[in-house]
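These notes open a run of structures that come right after.
Shared between the two complexes below is subunit A, which has subunit B as its partner in the first and subunit C in the second.
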Partner chain A sequence: MVSAVRPARDDAGSAGGSRAGRIVAALFVAVVLLYLFAPVVVTVLFSLTTSPRLSLPIEGLTLDWYREAFANPIFTIALTNSLLLAAITALVSVGLGVPFAFGLLRLRGRTRGTLVTASLLPAAVPALVLGIALAVFFSGIGVAQGLPNAAIGHILVALPFVILTLNARLETFDLSCLEAARDLGASPWQTFRDITFPLIRPSVLGAALLAAALSLDEFVVTWFNVGNQQTLPVLIWGLLRRGIDPTVNALATVVLLSLTGLVLGAALIARRRA
Partner chain B sequence: MTARPSTAAVRQIGPATGFFLVFFVVPLAILFAMSFWTQDGFERIPGFDLANYLKATTSRLYPAVLLRTILVGFVTAAIVVPVAYALAWLMRFTFERRGRLILGVVLISLFSGYLVRIYAWRTILGTEGLLNAALLQLGLISEPITALIFSPWAVMIVLVGLLLPLAVLPIWSAMTNVGRDHVEGARDLGATGLRLHRTIILPMVLPGVGTAFALSFVLAAGDFVVPTMVGGAQGGTMVGNLIANEFRGSGADWPMGAALAFVIMGLLVLVHLVTTRLLRVVTRW
Partner chain C sequence: MTAPIAVEITGVEKRFGDHAVLHGIDLAIGENEFVSLLGPSGCGKTTLLRIVAGFEHATAGSVRIRGEDVTGLPPHRRPTNLVFQRGALFPHMSVAENIGYSLKLRGWPKARIAARVDELLHLVKLDGLGGRGPTQLSGGQIQRAALARALAPEPSVLLLDEPLSALDLKLRQHMQLELRAIQRALGATFIYVTHDQTEALVMSDRIAIMNAGRLVQVGTPREIYTRPASIFASDFIGETNLVTGSVAGVEEGVVTLVTPGGLRVRGSASVPLAAGSTATLSVRPEAVRLRKGDPADATPDEIGGTIAEVVYLGSRVRIEVAAPDGTLLWADLRDAETTGLERGMVVLLGWPADAAGVWPGSEGAEG
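Right after this comes the complex of A and B.
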C-alpha cells in the first residue's frame, strides 16, 4: 500500500523526483545560503579575533573590540539615536499604516488595488533618490538637517512594508463583527479596544518590529538628511571610510544581533497567530 | 451603508496618504523642478534650462557611467532572477515542509546589516582577502586575483548577494498560486524539464518574476554604497556615486544631481518596459 502511494507523490514532487535530483537541489540551496551568509560569518568571526588585520589562520579570540567599541563615547550617542529613531518609526508607521489598511477594506477592488500599488511606490524608488528628494524638500522649506528629518525618511522607507504586511493579514478580517459590536451599542473607541485591537494585535506587533528593523539598518536616506548627527549605520560608515578598524566588526555584530532579534520576534508572533 | 463607510474610509486613509503626498510626491516634484535649474559657483539659479540634461547625455563622463550603471544593474538582475526562481521552485516543490524554513533563513540574511554585508565582502574579495588567501593556499592560483575587488565584477558579486533575498519574495508568493495538480497535469501531458517551466510555470508566475526583475534592476542601478566600497575609482563608478557627490561632495551641484537622478530613473523604466515585453513574447512562444 505504502509503495503504491509513495511513487505517485515523488513523481509529481519536484524538479527531479529522483534521489540524485534532490542532492543537486540541496547542493544548490547550500551554495546560495553560503553566498548569502559568508559576509555575516566573516563579520562575526573577525569581531572576536585578536589580529587587527584580517588574516588567516586566526591567532586568538578576544572581546577587546567590543570593549573598545562600547568605550567610544560616540557609540552611546549613535546607539541612543538609532533606538530612538527605530521606536518613532515603529510607532508612527504603524499609527499611519493600521488605519490605512482598515480603510482599504472598505473600498472596492479596483480603487483598493490602485491604492496598495501607490503606497508601495516609495519602496520601488532607490533610497538614494528618496534621500536627496527629502534633503531638497527640507532645505526648500528652511528646515535644517537633523534627526527629525531622518525620522521622516525612516517612516517613508518603512511605511510601504508595514502597509504591505498589514494588508495581506487583514484580507481575512471580517468587518461585520465591528458592525455587530456597534449594533449592540459599543462606542467606536470601545469597539476598537475590545474587538478590533485584540484581533489585530499580533499583525500590528509584527509590522512594528519590521519597521523598527528597517529603521535600525537604514543608512542612505539617513546620510543625506541627518546632518552631523550620529546613528549606528552612520557611525559605521564613518569608521569604514577611515580605513581598517576592527571595532567596526564589533559594532556591526551588535547591529546584526538586534536586527535578527527583531525579525525573529516578528516571525514568531506571525507564527503564533497562524 | 453608502455615506458613512466612505467618509470613514477617507478618514482612515487620509493620514498615510497625506504623509506620502507631503514627504514623497512633493519632494520628488521639487527635485524634478530643480533638475531644470542651473548652478553658478555656489548659487543655484531657478529657471527652466535643459543644460543639465544635455550635459548628462553629451558630456564625456556621464554617458559612459550611465551605460555602465544600466549594464551592471541589468546583469545583476539577470543573475538574481533565475537563481531566485530556482530557489522558489525548489522551496515549494522539492523541499516542501522544509521550504518555509529555507525561505525564513534566506529572509533573515535580508536583515543582517546593509553596510556590514558590503564591507565584509571587501574582506572576502580583497587582494589580501579570504578568497585569494584560500585559493593561494590550495595552489589553485600563484598570484592573487586583483580583479576580484575594485571592479564592476566586485560590484555585481556584492549586489547579487544583497538583492537575492528581496527577489525571492515576489516569485515565492506567485509560486504559491501554482498547485501540485498544475505540475502533475502538465507532466501527464508530456511537458517536462525546461518545457514545463517555459510553457506552464513561468507564465503562471510571470507577474512575480517581473516584480523581482524590476526591483533588483532598479535597486542595483540606484545603489551608491556598493560601488563606493568595492567599485574602485576607475572602472567601478556608477551614476549613484555621481549623484551622491553632487549632494554631499565638495563641489555640490544639486540641479545636476537631480537631472542625473531623473535620467537614470527614465532609462530604468525604459529598459524595464522593453524587457517585460520581450519576456512576454518569449514565454508565449
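Right after this comes the complex of A and C.
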C-alpha cells in the first residue's frame, strides 16, 4: 500500500516533501491495520496468558482457560448446537440454492435480473429486523422458541450468499457440455452424475463452507429465536454478562479459528477451480 | 440420388410462440452424403439441425433416420451425434475420456474403449494427446477432439454446428479439407451448418440454402453457383452484380430490363415475366467482358460506362464501371487483360445473355 502511494507523492513535490509524505502514509496504513487487527490479537493473546485480567506485561503463557472452557458442560452443548446448526444451514441452503441458481441460468434478460436481485435483497435486511420478524412470526403461529427456529433463521441469512456465489460460478458454465452428454447417449441422471455434479462440486463445497461460517457466528437472529438453548455466540454473550473471564477469550478464539478455517477452505477451493 | 436415404425431414415447422422460425421444411439426405445447411444468421439452419439432433422439437412435421421415425425421441436415444460450435468438451475429463465417454455409457470394456479411442485419435491426427486436458489444447485441436468424440459411437448421421467458425482462416481452410477427407474415408453422412458460402462450396456434395425459415434451393455446389434459383441464392453464393428494372420485352427467353435511369440490360428469364413488371438481373463479375471503345460502337449486348475503380486482387483484377445512369457494375478480369485500363476511361461492357439470370421482384437489389 505504501508503494502504491509513492508515485503520487513523487509527482506532487520535492524529494523532502515526498519522504515526509511517505512516512505519513506508512503511519496511516499502520494505524488502520492496528485498528483492524488489535481486537483479534488481544483476544487470542489473553486467551493464552496466565493473568486473569487484561494487563501488560504478560507474566506467563497457559492453556488453562481452554481447559476450563472445555470442562464446562455448557460449552460442549453450545459447541454441538453450533456445529449442528452450521451443518444444517450448509446442507439446506445449498440444497435450495443449487436448483435455484440452475433455474436462473436458463432464464434470460429482465426476469433473470429481477430474480437475482430479489434473491439477494434479504441479505440487506438488518439481522435485528430479521430476528424480531421471525420471533414474532413463530410466536404468532404458536411455535415455541428453540433450535429449529434458529436453523430457519440461519438458512435465511446464508441463502442469499449461497445463491450469489453459485450464480457467479454458473454464469461461466457451458451448458452445451450438458447437451453434449445427452447427445452422446447419457440419460438426464447420467448427465448430472458424470458432468454437472463434478463440474459444480467445488463451487457447491465453497458455498456450503460459506453458509457454515455465516451460521457459526450468527448471534442476533439466533438470540431472538433460540429460546433457552445455547450456541457458541449465545454462550459467549451470556458469560460476558457476568464479567470478562479469560475463558471467553478462549471460546472466542475457538470460534475465530473455526471461521478462519472455513473461509480459507472456501477460498482455496475457489482458487483451485480457477 | 441412388443411395438409400439417411435422413428424411418432412414438413418440419417450428414456432416459438407466434414467431415462426421454420416453415414446412422438406429435405432428404442420402447415405454417405455431405450436405451443408447454408444461410445468413437467423435463417433457422441451426434450429433445423437441433431438431434433427433432438434438442428442439418440431411444432409440426417429422424426422426419420434410416426409416425410423425419431421425431419424439430425446437426444440420447437418437443415432445422431453433434459437433458443437465451440467443441463443448467436458473440461474435467482428458481428451481420451471425452472421446470414450459414449462408449463407457454403452458398457464397453476398458480395453476395447482404449483401442477405439486410439483409433479415433489417429483419425483426427491427435495421436499421443489423449492424456491432455481440454484447456491444454489449441482451438483446432479442440474441434478435432470434439469430432472424434462425436464419431466414437459410429452415429448414423453426424451433425456439425459451425464447428470451424472460431478458427482463423488458414486453419479453417485446412480443416475443411480434412473434414471432407474424414467423411469420405468413413463413408459417413454429415449434415453441416454454416453461414460461410466458401466453406459450403468446398466441402459439400449438396448445399441447402436457407433464408427466413425456408429452403431456398438445394443442389450441388456447381448447380447452385451457375444456376441459382433466386436473387437471394445468386447474391448469397459467390459475388454478383444485381440490376433492378422493369421488363421492356421478352424474346425467346431473353429479357430486356430498363432501369429507372434508362439503362438497358439483357439476361435470360428464369421464370415467365410479364412486360412492365419489376425484375432483377444477376450477373457474376467473371462473366462480364470489357473492351475499350466509344458508346456509339456498342452492340445491343453492350453498355457504355466509365471506369470508376481498378482493384488489384492478385489472381485477378476487379474493374468497377459506372453506367450513365449511375449503376455500378463489376467485371473481374485476368491481370493480362487489364493492360491500359485506367480510372476515368470510357469502356464498353457486356455479357452473353445466358450468363445472366433474371427473376421477378427487387429483393436484395442494389444500385
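To be clear about the criterion, the second predicted complex is superposed on the first by the 240 of 274 C-alpha atoms of A that agree within 3 Å, B and C clash if a C-alpha of one lies under 4 Å from a C-alpha of the other, contacts with A are read in each partner's own complex, and residues count from 1 in each chain.
The rule is simple: contacts are C-beta pairs under 8 Å (C-beta built on N, C-alpha and C of every residue); 3 or more make two chains touch, one makes a residue touch a chain.
Small disclaimer: the values here were computed from a predicted structure and weren't measured.
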{"item": "Room on subunit A for both subunit B and subunit C (clash or fit)", "value": "fit"}
{"item": "Of subunit B and subunit C, the chain that contacts the larger number of subunit A residues", "value": "B"}
{"item": "First (subunit B), second (subunit C), both or neither touched by A:Leu85", "value": "neither"}
{"item": "Which of subunit B and subunit C A:Leu259 touches, first, second, both or neither", "value": "first"}
{"item": "Which superposed partner A:Val220 touches (first subunit B, second subunit C, both, neither)", "value": "first"}
{"item": "Touching partner for A:Ser187 - first (subunit B), second (subunit C), both, neither", "value": "second"}
{"item": "Which superposed partner A:Asp174 touches (first subunit B, second subunit C, both, neither)", "value": "second"}
{"item": "First (subunit B), second (subunit C), both or neither touched by A:Pro198", "value": "second"}
{"item": "Lowest inter-chain C-alpha distance for subunit C and subunit B in the superposed arrangement, angstrom", "value": "5"}
{"item": "Sites on subunit C touched by subunit A in the complex", "value": "53-55, 74-76, 80-82, 84-86, 88-92, 101-102, 105-106, 149-150, 152-153"}
{"item": "Contact footprint of subunit A on subunit B as seen in their complex", "value": "5-6, 8-13, 15-17, 19-20, 23-24, 26-28, 30-31, 34, 83, 86-87, 89-90, 93-96, 102, 104-109, 111-121, 123-124, 128-130, 133-134, 160-161, 164-165, 180, 183-184, 187, 214-215, 218-219, 221-225, 229, 240, 243-244, 247-248, 254, 257-258, 261, 265"}
{"item": "Contacting residues of subunit A [partner subunit C, same complex]", "value": "174, 176-177, 179-187, 190, 194-195, 198-199"}
{"item": "Contact footprint of subunit B on subunit A as seen in their complex", "value": "11-16, 21-22, 25, 28-29, 32-33, 35-40, 42-43, 46, 54-56, 95-97, 99-100, 102-104, 106-107, 115, 118-119, 121-122, 124-130, 132-137, 140, 152, 155-156, 159, 163, 213, 217, 219-220, 223-224, 233, 236-237, 240, 248, 252, 255-256, 259-260, 262-264, 267"}
